[in-house]
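In what follows, a structure is listed as structure tokens, so that the remarks can point back to it.
Labels for the chains are A, B, C and D, by order of writing; each one numbers its residues from 1.
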Amino acid sequence: MRKSVPLLGTFLLAAAAAALEFAESASSKTRGPVDPGLVDDLVAANRILDAQGVVDGFGHVSARHDGDPNRFLLARSMAPGLVTAGDIMEFDLDGDALDPRDRSLYVERFIHSEIYKAYPEIKAIVHSHSPSIIPFGTTTAPLRPIYHMSSFLGAGVPIFEIREAGGPATDMLIRNPELGAALARKVGNSAVVLMRGHGDVVVGQSIQQVVFRAIYTEINARLEAEALRLGEGEVNFLNAEEAASATATNNAALGRTWELWKRQALSRR
Amino acid sequence: MRKSVPLLGTFLLAAAAAALEFAESASSKTRGPVDPGLVDDLVAANRILDAQGVVDGFGHVSARHDGDPNRFLLARSMAPGLVTAGDIMEFDLDGDALDPRDRSLYVERFIHSEIYKAYPEIKAIVHSHSPSIIPFGTTTAPLRPIYHMSSFLGAGVPIFEIREAGGPATDMLIRNPELGAALARKVGNSAVVLMRGHGDVVVGQSIQQVVFRAIYTEINARLEAEALRLGEGEVNFLNAEEAASATATNNAALGRTWELWKRQALSRR
Amino acid sequence: MRKSVPLLGTFLLAAAAAALEFAESASSKTRGPVDPGLVDDLVAANRILDAQGVVDGFGHVSARHDGDPNRFLLARSMAPGLVTAGDIMEFDLDGDALDPRDRSLYVERFIHSEIYKAYPEIKAIVHSHSPSIIPFGTTTAPLRPIYHMSSFLGAGVPIFEIREAGGPATDMLIRNPELGAALARKVGNSAVVLMRGHGDVVVGQSIQQVVFRAIYTEINARLEAEALRLGEGEVNFLNAEEAASATATNNAALGRTWELWKRQALSRR
Amino acid sequence: MRKSVPLLGTFLLAAAAAALEFAESASSKTRGPVDPGLVDDLVAANRILDAQGVVDGFGHVSARHDGDPNRFLLARSMAPGLVTAGDIMEFDLDGDALDPRDRSLYVERFIHSEIYKAYPEIKAIVHSHSPSIIPFGTTTAPLRPIYHMSSFLGAGVPIFEIREAGGPATDMLIRNPELGAALARKVGNSAVVLMRGHGDVVVGQSIQQVVFRAIYTEINARLEAEALRLGEGEVNFLNAEEAASATATNNAALGRTWELWKRQALSRR
């Protein structure tokens, strides 16, 4: 703990400074400046998802611009674990960068642009190759909420099969708006969509919520696989009412895990 | 080792100072001051359970007040891995905080209050979402002692089904004294009660014992699941006499693991 | 992050210096000096494979000499996690060290020499006891690409049975050119060959690529084993076109994980 | 690496000094002084086994005295991960401490005394609750060598059932010479004996060898369990000749992993 405090303090100052600079340089092109706290949270989200093993060198997390619903924030193309505030860029809902300069972009930024376009209530998105969910995307075993922490899975977890929208010979990536739109159509009321042979996409109404969901989706997958073996397929999952109730409760407690994860992630390395 | 010593020393001093201050401010409202060592141990228990993966951002550990059996100590609502002595609060057996100030409380403090009320011999309680036990709470496979370290499971591990006491649409939490009392009735002579779709509660006669039990319950669950697969359901568990004998032996050796876990937990971050 | 920067800087300077010295001392015996960056990358590869759990005290990684295709670079016999630039030696395609001095050599250097001899397009090789692939080498379950990160497995993963080339009583090691040649014959167009009861060999066209492949082979094995259980043998793997397409895409993104892994590996200890 | 060097240096100096002091104080009671390097190695073994997850707060490792075959060295009763040179004590083959002072002793020191008494060629012993082997001790699935690193398992892995020697109501511990002798009789030519519901004992001809064996026994158990599921019981294990050959080879390479493990273990905390 003690050791992480100065690191954390330095980080927050640097993040705030970079966010401010970012907000100023981008403000002329958007309807309003971005909240420095949002950039700070997005950087923390990148580092948390890395520290918790949801992302490795690949995967990305975005947030809708809080001053302009037609914009979203996403890092330049890089490993999430290395992202700092200066790496956060602004995109429009066609997936175009507002101020690209010479920075390389995530090929799959259309996952974010198309979901934000289709669902105004969604404010944050994680795409990852979260390891424990990969087996669920390639088999018929449905991902369901085994405990209250992953109750958001109660809304159903569809599988996106890229062969339906992209044919049998894609490179598996959501590399254009059309594939992004096909993926977005799968989201509906779900918090999580599995992508066969690839990973998943997790959506939420805030950065804290989407990070919470991405992490507990990974944990649920590991525990559910274990329970299915232990119970030979018979597992007592949360029912729909329990899932909905627990989700409302969890939404009020997102800060508790966020503080812990942030402290752990930012004291690494 | 060497690196952890100053950290540990600083921690112990700070813990002792805070415990003293705590004891003084609370003494007018309880029948006797709390032993500073008890607060120190409760903080260490929080950090150990986090370092050992029994708790994450959620879960809590309490101890009965050593000067007043109608009181218990529990942190304010926060991640156990971040708890320090200043976060420890005092509660009565209705689950009310004696000196709440503006601090938020764990919704599920009634797990602790109702168990302490029903079982005078219980002095410490852990509630967690210990990952490996979740599958056992949602299937019919019983948790049994696979080796002597988890011999305390020999007293039986009941499953608490919240639907029986709270109906089919709870948020899974023990959020009032009635649900706490229903859970407490399941404890009986057991050291562990599984909570379906939620986690478990572990009880003991000291902080060191309850931490020992919580950690070895997690390990036992992982090893038993593996053994059930390996033996296709046929596993040679400890019998009742072996379990009772081993428990008596282990109770005399709690300090050995405690020292190691404490050193490891307090040198983190 | 912050903490690793000085360590990383120091490392790069030391690596560059050692590589330069190495290049000079070896240049008289080879057709051209080695690129200092190649030695730097080979050291990083050793440390990355250790940090990622692909190698432990055993295993090795080599690179073909960039100035002389009949030479390759490989550490002296030691744990990969401890390798520094001064430990890198130069070998010819018979597996003989050009400047052995009194240094001990890996018994299995013929894995490298014979594969480089047989396949001019191969520029880097990893041999390891990568834990999750061991079960696949000893059973009939084929290792196949479960997601796009391990798409290179789509070219097929043969199993090398040493009893065919070495008889029923070897010590399992590729300890001479004949066994090396037999193993090399199994490679063909594959990126990975499993060695029964031993480990695997992974080949690539660069150090970055072979490290990427070694790491995702380990992950694929773990996830595929899980999926086979979950799907009771029915798993929807990448098809041949998807695998080929994804491989082309991944080859353009090798730098992203490399930077992360390098940062993580070189900030350890 | 760089960071661990001073720590390691300090450790080695301290270890050498303590070993020297130990040798002098004990020399009057034994036929010869103990080699300071042996105490140094035994301390390293304790810390390595902890760092590698073979022991936790429990378990112990001993070495036969190099100057007197009727004596052996073992720490006082404590967690192996915290052992330093000053904690090493000397015992005779009845399990009695030569210079007990007020130090508490491992209840199960008779594991060591009786095996040293029965097998003059055995020079080092590990007893642990190595997690992955627990399921093999409680089922009928035999532990067999799945790859060359664990080839020493080829000599067979008997299971010790304490009910045969101690009856149906023990506390599972080898707490007297009689139980120690019964366990010793199971050893024969094996390197490993499983103890049902308890753990295992691993024997070797040196500290480096017994540590190597204890670690690869743990890994083999994990990989074999996985292979048995993957192959539905059909696994291609090393045959007897391969196991014997590989063991001879491995015995010549013990230093390679030892150096890595020692560096890793002594740079922790």
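Note that contacts are C-beta pairs under 8 Å (C-beta built on N, C-alpha and C of every residue); 3 or more make two chains touch, one makes a residue touch a chain.
Just so we're clear, the structure is a prediction, and the values are computed from it rather than from any experiment.
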item: Same vs different contact residues, subunit B with subunit D, by half of numbers used; value: different
item: Centroid distance [mean C-alpha coordinates] between subunit C and subunit B, Å; value: 46
item: Chain centre separation (subunit A, subunit C; CA means) in Å; value: 32
item: Residues within subunit D bordering two or more other chains; value: 229
item: Listing of all chain pairs that touch each other, if any do; value: A-B, A-C, B-D, C-D
item: Contact footprint of subunit B on subunit D as seen in their complex; value: 7, 10, 56-58, 77-79, 81-82, 84, 107, 129, 131-132, 134-141, 168-173, 196-199, 225, 228-229, 268-269
item: Touching residues (chain side subunit D, partner subunit C) in the complex; value: 1-4, 145-149, 151, 219, 222-223, 226-227, 229-231, 234-239, 241-242, 245-246, 248-249, 253, 256-261, 263-264, 267
